[in-house]
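As written, the chains take the letters A, B, C and D, and residue 1 is the first residue of each chain.
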């Protein structure tokens, strides 16, 4: 922990339609003003504070103008911000709304104390990589996206199994009939992939995990590969439904027969800020009811 | 195996748009005529044999007029027929198209030999129960259906978790956030439920299994209850998507907030016919690559 | 709930070397005396109360002389008692020592209140069946045992896979190389079998579940069969270790090549008493951290 | 593939008491002599070829004197050799006895053809790291070992759960009651860890996976961490059995209360040789019955 920036200008992103988050937003505003910080509000967030006098910026510009971004809400809100901000280097801090998240780890009641610590340089920073998604049709890129947690190929409807081939670095791995396939980062390994029985990847591990969703082949298992591997999924032309591709379960792309889905590590990453007392394993223990010290 | 019926009149259901199945249909027709049986064709099946001179019947009437129903196709075709025929007592025999099914167990190449055995009374018959589905809104029934394999409650779209409560005989079991819940019969325990990591229930067991789909609560497990239990699922009013309910992944029902999904054993059952050499465990071994005798 | 016995004579079984259990034993003694009940002490339990003046009985006689047996301790203590008492019809009530069990559901602090209810006929009784174990060598019975939770065939040492064949009602099911196989009752389905990824069987279900332990064949799955099925396990003659068979992880039997392990439902059953407020699903929710009502 | 060594001197290790392996050993001997190679026999292997005239070496010296080691047998034989040879840099090639292994991938019938290719420099070489094990008691090392597949902490007997704490880089992770814990390399991820429901780690991934064995806490999941992490396991002083530690299920160490088990990546690695046509994913597809190209 060498010399730290002072976070003079701070961009704030709040959750819409959530009274608890609004309460926290106001406390945050007051705390930042008291610390003589300059506040910037994300466009939609600004509408939550009618009559305010702060500068308002759309998402990508917000990151460019801020030295720190603070997101108030659940992990879903931070995912959303992370995808938009992934090419900036501005660090991001998450404040949850009462339920500990894997990404948003400041509790509203500890906001002022822990915020002060962060602003004084007492924090822990880590890099979280994202996945970039590229859908190609006959060699042409037809859609692109990115994901902090996972890219999901799925039937996108009611349990019609889909069939597809999986390639890693252009090497054929297997074909599968299933509800779909999750391609997750270490960050995403404790999200949807965990519900689908995937392993937990430590956030510092440079790896990607493929987790099958209700595979017809019962010997299918999650596969963990190096982070720089290039994943390619090729849906069969004979699926009864057109599979869909989604990023962090928030952005959805349709496919058509002949599409190839390319997934690889994105350039740039999220600079995630944690309060000093952060401990990854403690978060796991709390959220998964794991056993404490004997 | 007491005295057996002679199966004089036989209803035949074929698979659409499948040249292999059509081939099998013709062989079956010839074999039945040679045995002096009376053939009845299901309506859509009739269109596969232009210029034929057999009687044609719509699905429910077909069962009423036949002493045996023969279905050509995959397990999906037999599921379809089973739901339609579940209130009749007419036995059903399945002929697959090259890939052994759990329900369709006569191989096309063994058709003539094994058919002859069945027609001479050399067969094995078992009862398979179905589930009845009833969706209620404020006490009124808004939709009904039935299923031989499973009733599925699911998000019906792209991995938006849904939240719902589960009741058994009106006793609250748990609430869950997940991709959905499979309620399966023993017959369905080797279908979709198996891909979702459910246990195998022997077909003679009078039981229903609840299998969670990608549950957020990692300690969720399949629950097996007696066949006469009444299952009730109550989706939360706050789901971001309106969950869907499907029967055997073939019939889909939308829901609206306030709906209650009731699932219980249906009156009546499928009388499934197997060739003499049928062995349930052998089918399992073959399909799941289990170990043979040492 | 028709007319209930008064439980005049009550046999008490306590846990050895456990100060908490001893405390509970004394409270129980006082409460029973105040209710003018006749106390009988199990032999070893008697040594926990030096200078007492109660009759002392060895285990099987205790059941014959008592109208109710009360076990103080964890589920393990009740398992132990249940195996010994399984041929008597005397009902059994469990008092745990602070951690809710699946079988011992009276909390020490609620002891007096709930005991009074039970003694006044306010209780819930259910039957739990046991498994009987019979090891045969060349047709001769060489060992017998019984189990309330499960019979386990295992390597009994350090992860040397063992190979064995499984038969149900003399029908060959599969051969497997694994760490072993759990054959569990519904009662046992929430014990060791659950840790091995078996399904939960409702206690009222008349069924047995086979759960493989770390199977080499990845498509192995738990199999649930009717309670009256006869299971036979035949270890290969070529195992590198001699497998062991255990009942409820408490009684261990060695095997030798050529042994056959026979498991079936035992005649008689455990009459398990629960306090009025008992709810099976609530116990599951509490122990497995499942979601409460929305 | 730059200039390759010529493998002039070749050490050979055969499997004991296996007629098939002996047959293969003789074919290998003849093929190597025809190619004018110098043969060295491992001590025990030498006894399989009475009257031979080759030099005989004990295991560690064999590696020092050879430019290539060839192991005939199953994966178990190669594991055994790998542990002994792990500090040498001599490459190792495996010939199986009819059943494809993950480590021994030359089939006896292709022996001569593929051997010729390897000897002419047509091969594929990869590094597989091992784990080193160190048991400490009150700060003193009481035992050491190494493992190519996995280090296993287990009850070492009949399903008595053991309790222990897990630390990674001295950070407390969780405490667990279970049958044990597997700490596996990517190589070991397709061995015992896979049977215990661990994920598959690509052999080129620098990572270690912790896989729980029948954990009492149902939300336990495999955890994948970077290869340079140091794992520490601390069994509880209150276990009913003294846990055992084993390496590749071949070497077993007892523990006593107070022992700490330290596991980390070993210096040095196995240089594993594959024939030209080797494809990791193809081996997976073959062994796990995964789907081929559509």
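Here is the rule we go by: a residue touches a chain if its C-beta (ideal position, glycine included) is under 8 Å from a C-beta of that chain, and two chains touch if they have at least 3 such contacts.
Keep in mind the model is a prediction, meaning the values are calculated, not measured.
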Pair of chains joined by more contacts [C-beta pairs], A-C or A-D: A-D
Turning angle required so that subunit B lies on subunit C, C-alpha fit (0 to 180°, nearest 5): 180
Chain centre separation (subunit A, subunit D; CA means) in Å: 37
Whole-Å gap separating subunit A and subunit B, where each centre is the average of the chain's CA atoms: 40
Centre-to-centre distance between subunit C and subunit A (centres being mean Cα positions), rounded to whole Å: 46
Numbers and ranges of subunit B residues touching at least 2 other chains: 194, 197, 218-219, 221, 288-289
Contact graph of the chains (line, ring, star, complete, other): complete
Residues of subunit D that touch subunit A when the two form their complex: 163, 165, 168, 171-177, 194, 197-202, 204-205, 207, 209, 217, 219-226, 229, 236, 279, 281, 284-285, 288-294
Residue ranges of subunit B in contact with subunit D within the complex: 218-219, 221, 289
In the complex with subunit C, residue positions of subunit D that touch it: 152, 154, 156-160, 178-179, 192, 194-197, 213-216, 218-219, 244, 246, 249, 252, 288-289
